[in-house]
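Just dropping this structure here.
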Amino acid sequence: MSDPALAQHLPGQRAALRSRWLAYALAIAVIIILPLIFNDTYWRTNLTVCAINVLLAIGLDFILGYAGQLNLGHSAFYGLGAYVSTLLIVKLGIPFWAAFVAGVAFAGFAGTFLSLFAVRLRGHYLAIASLGFAVIVHQILLNWISLTQGPLGIYGIAPPPAIVIGGVVIADFHNLAAFFYLVAGFAFLSYILLSQLVRSPIGETLTAIREDEVSAASLGINGAAWKVFAFGVGSAVAGAAGCFYASFVGTLVPDAFFVSEAFNILAMVIVGGMGTLIGPVFGAILLTVLPEVLRGFGDLRLVVYGAALTFVVLFMPGGLAQAARVIAEKLGLRRST
Amino acid sequence: MTTTIVLQQAINGVVLGSLYVLVALGLTLIYGVLVQINFAHADFVTLGAFAAYFFMHLVGGGYILSIAVAFVVGAALGWLINAAIFTPLRHKGNELLPLIATIGVSVMMQNVMLAWFGPIPYAFETQYSNEVIRFAGIFVSWQSVIIIIVSILTIALLYAFMKFTFLGKALRAVAQDRETAGLMGINPNYLIMLTFVIASALAGMGGAMLAPVLVLTPFAGTSVIVKAFAIVIIGGFGNVEGTILAGLIVGLIESYTTQYLDPGLIDIVVFALLLVMLAIKPTGLISERREENV
Amino acid sequence: MKALRTLFVSAAAVGLLVTAAQAQDKTIKIGALFPMSGPGSYFGAQDKQGVELALEQLNKAGVNGYKFVVQYEDSSCSPLPATQAAKRLIEQFKPDVIIGEECSDATLAVMPVVEQAKVPLLNAGSSSIKVTEPGNPWTFRIMPNEVMQGINLAENASKRMKAETAVLLFENTNAGIGNAQVFKENFTKAGGKVLAEIGFGRDVNDFTAIATRVAGLGKVDVIPTYTLEGQGLKITQALAQAGVTKGGGGNAIQIGTIWLPFGFEAKAGKAALGYIRIVQFDPTDTRDVAKNFASAFKAKYNADPTHLNAHAYDQVMLIADVVKRGGKDAQSIRDGLAATKGYSGVTGSVEFDKTNQNTKMDTIHYMETKPDMSWTSLKWN
């Protein structure tokens, strides 16, 4: 979120920069400490799932909140990243990181392809087209058994190979804490990348298109090209999340990428605060942890989940980000603009 | 022998199509007037089916009456959702928010139904379910015949309502241009509420009609909802004739894909068709107006 | 003299109280991984009933001074939620033994977790061969796997039923596809011919199109069907309507699946005539253990038990038997399970081979549906 008022004042700009770097340092510190506080396998697993969901949420927010494109099919790119990378490793013996790059690239291309196809569509049409795409991808993963194993599943997927420097094992990814650092670190870097894109001229272009496509066109901005770019980046990030998912859970079945998963990711973005990038980070964390914490509720767990989603939309559509802003204003930490 | 199969699958397809049309009609009606998607629509269908079931089994009512009960339950739900969700959110202007709110409602409804009714499928039998008509090597169950008859009746009534009654014309006016309609003295809010109530009542009624055919669990709705959306788009959002045509086409695709290919490919074929339609004619098979916001 | 007697009685009383208090402290913790949310809750809800009945009976007197405590976690029939549920169970409840899951995908995902935690997993619901074939010392399965069932079914179809042609109908899941593949292999080996393999998604409601296709395939002798009761009902009715099966005036007989519960026939009506299938629990079983279970279940729940109720009951009862033989913690229960011999459960006998698969064939019961919709037990095993 760039604040134009601040941009004009150099000292103000420096202050904003300083506070941002402070926030990043704080984030790094939190990431490092978390697995040390939660040192049992159950919570460390949850932390890693949080990190994967953060990746998914920020990627979707970039497409949805910044490029203003109604993408209801994010699960497709998640699944493509997971399957492409895993199949390359398992069937062709390709090393993990090469397969990772391939998975990310494939997902990115799929997003680009869908976006090119749907570039003329808007609003609800794009929404249903993306949903249709997600259904097709899921069905292909399910039915092309000779390639993907379909419902029979792929088992025993190994975590990334250990990082060994000079004979010394720096990181063994069988260790849950190490795996968490890997995914959280990647999510952190992705966040910085997307955040920089948003602040750059590219981001301002996207905002312009989102607000008013017609005027933007009159200024000579090629809306279509930028939308496709945003879609490609967002879906590539989802592909990365998929690669991590596969090697983390160790088991890959197509139903993990059923279209309802796309709605889960959407919920994380909305609850966090669409278009704020930082909001979806917390939305992802909240909606990953909430079902775990609610396990005591038994049958009512998902009812609470659905109710939370509905009420957020009704009463606080800006999500957690809006709530945070409101609280900050009330506490006098922030001038209301 | 082959002609029999082709003919039989054609009939199967038409029955299936009528099934989908009953669900999709309400969706397209809502979209035509409100430009809104209600993700909980299929759950209204499911709830209608359960309402009919419990009316028959707890109260001991007859099947035909249970359909009326489901109609009323659907209407009540529609009124509630409109009042609680669509009206408050209308002023925010964001087209995504109500959609997401309805996703939340859908999750809630499914899990409340799960808590109340449990996960074991209910066997909804009526005196018509298993009776079969046979002629020339073809078979149709009475239930299927009922589905087709009711679908045709519903469509005819809806059509008559839209074309010949004042309310119907007012609805179409609001669909075409809300502001001008308002200027002409039509109260859009009242009409929007009416649309919702009618569409959801249709959904509930559809549920009672479909209950003998569906695998009746709280998740019955999810099995049809995504295809229903595809039908609405293929037919043309807001266009009743298009929805009917698209529904029949999808039904036929299903039966012929099952016969000559594999049931697992049905969804792929249907959604590939959807994407093709969106590529070449996004306004749908039968486009009326509304070219600008495509 | 009186004082001495009072002292003696008091000491005895105190001693009894102390032992009683100590006996209260001895518990065996059973973790239960069942799907409790979503469509998979179909399994979880019924499993829980079986478990609760077993607990009620066992905890009246305890076993070897031990009482049994169960903690349920929702594994949602899916790999990631199942591993999360398993880890939570292990970290927080610290069970001595875990029972579950139902869905093969979830069971396979959970197996490495329990192996690492060194807690035995006792499964009674997943049919995939991969659960036991690789040989995991910490996973035990009392249910006959897909290979056992498939070989047996194909053999019986070919030899006893004299079937020459078959059409496979199966849901597009791990278990559905796996079972169908095994049948096909063995039926073809025995000289039979598979005319078509028709897989369908869990979201299909109307089977008229599939039934029509089967009707057009010519002479079909058997139709192995692998699906759950909701869709199973629709398939049976559609096949009858199409005139394919005996119930509709045709000649084909549906066979197969271990997943259809008792009571299915009542719902299906005359369409189910002649249906022959493997069941995990035989309600006409004359063994005392089965009869007692059925009447106890009816008394508690006012309904006839299904195979899900039965196999969950068996899981807990088998654990109790291991405790009786001296099991008291994860390692000793594991060893006790492996050493099981001559145990008779509601679903059949239990004896594990070296891959910890129960190979007793009396767990495969065959039933045939009579014209009056009741079951006859076919003594084929």
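All chains are identified by letter, namely A, B and C, in their written order; residue positions are counted from 1 within each chain.
The definition used in the following text is that a residue touches a chain if its C-beta (ideal position, glycine included) is under 8 Å from a C-beta of that chain, and two chains touch if they have at least 3 such contacts.
Please read all numbers here as calculations on a predicted model, not as lab measurements.
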Please work out which of A-C and A-B is bridged by more C-beta pairs in contact, and write that pair.
A-B
Farthest chain from chain A, going by the mean of C-alpha atoms per chain?
C
Geometric centre distance via CA averages, chain C-chain A, whole Å:
39
Between chain A and chain B, what is the gap in Å from one C-alpha centre to the other?
33
Touching two or more other chains in chain B are residues 111, 114, 222, 262, 264, 267
Quick one: which residues in chain C touch 2 or more of the other chains?
37-38, 172, 201
Mark out which residues of chain A touch at least two other chains, giving numbers and ranges.
142-143, 299, 301-302
Help me check something: in the complex, which residues belonging to chain A touch chain B?
64, 70, 117-118, 120-125, 127-129, 131-133, 135-136, 139-140, 142-143, 259-260, 263, 266-267, 270, 274, 299-303, 305-311, 313-314, 317
Of all residues in chain B, which touch chain A in the complex?
31, 35, 37, 84-85, 88-89, 92, 94-101, 103-112, 114-115, 222, 226, 229-230, 233, 237, 262, 264-265, 267-268, 271-272, 274-275, 278-279, 282, 293-294
Please output the residues of chain C touching chain A within their complex, sorted ascending.
36-38, 73-74, 78-80, 83-85, 87-88, 90-92, 105, 108-109, 112, 130, 172-174, 176-178, 201
Given the complex, residues on chain A that touch chain C span 40-43, 45-46, 49, 142-143, 145, 150-153, 155, 245, 249-253, 255-256, 292, 295, 298-299, 301-302
Chain C contacts chain B in the complex at 37-42, 44-46, 172, 198-206, 208-210, 212-213, 215-216, 229-231, 233-234, 237, 240-243, 267, 269, 271
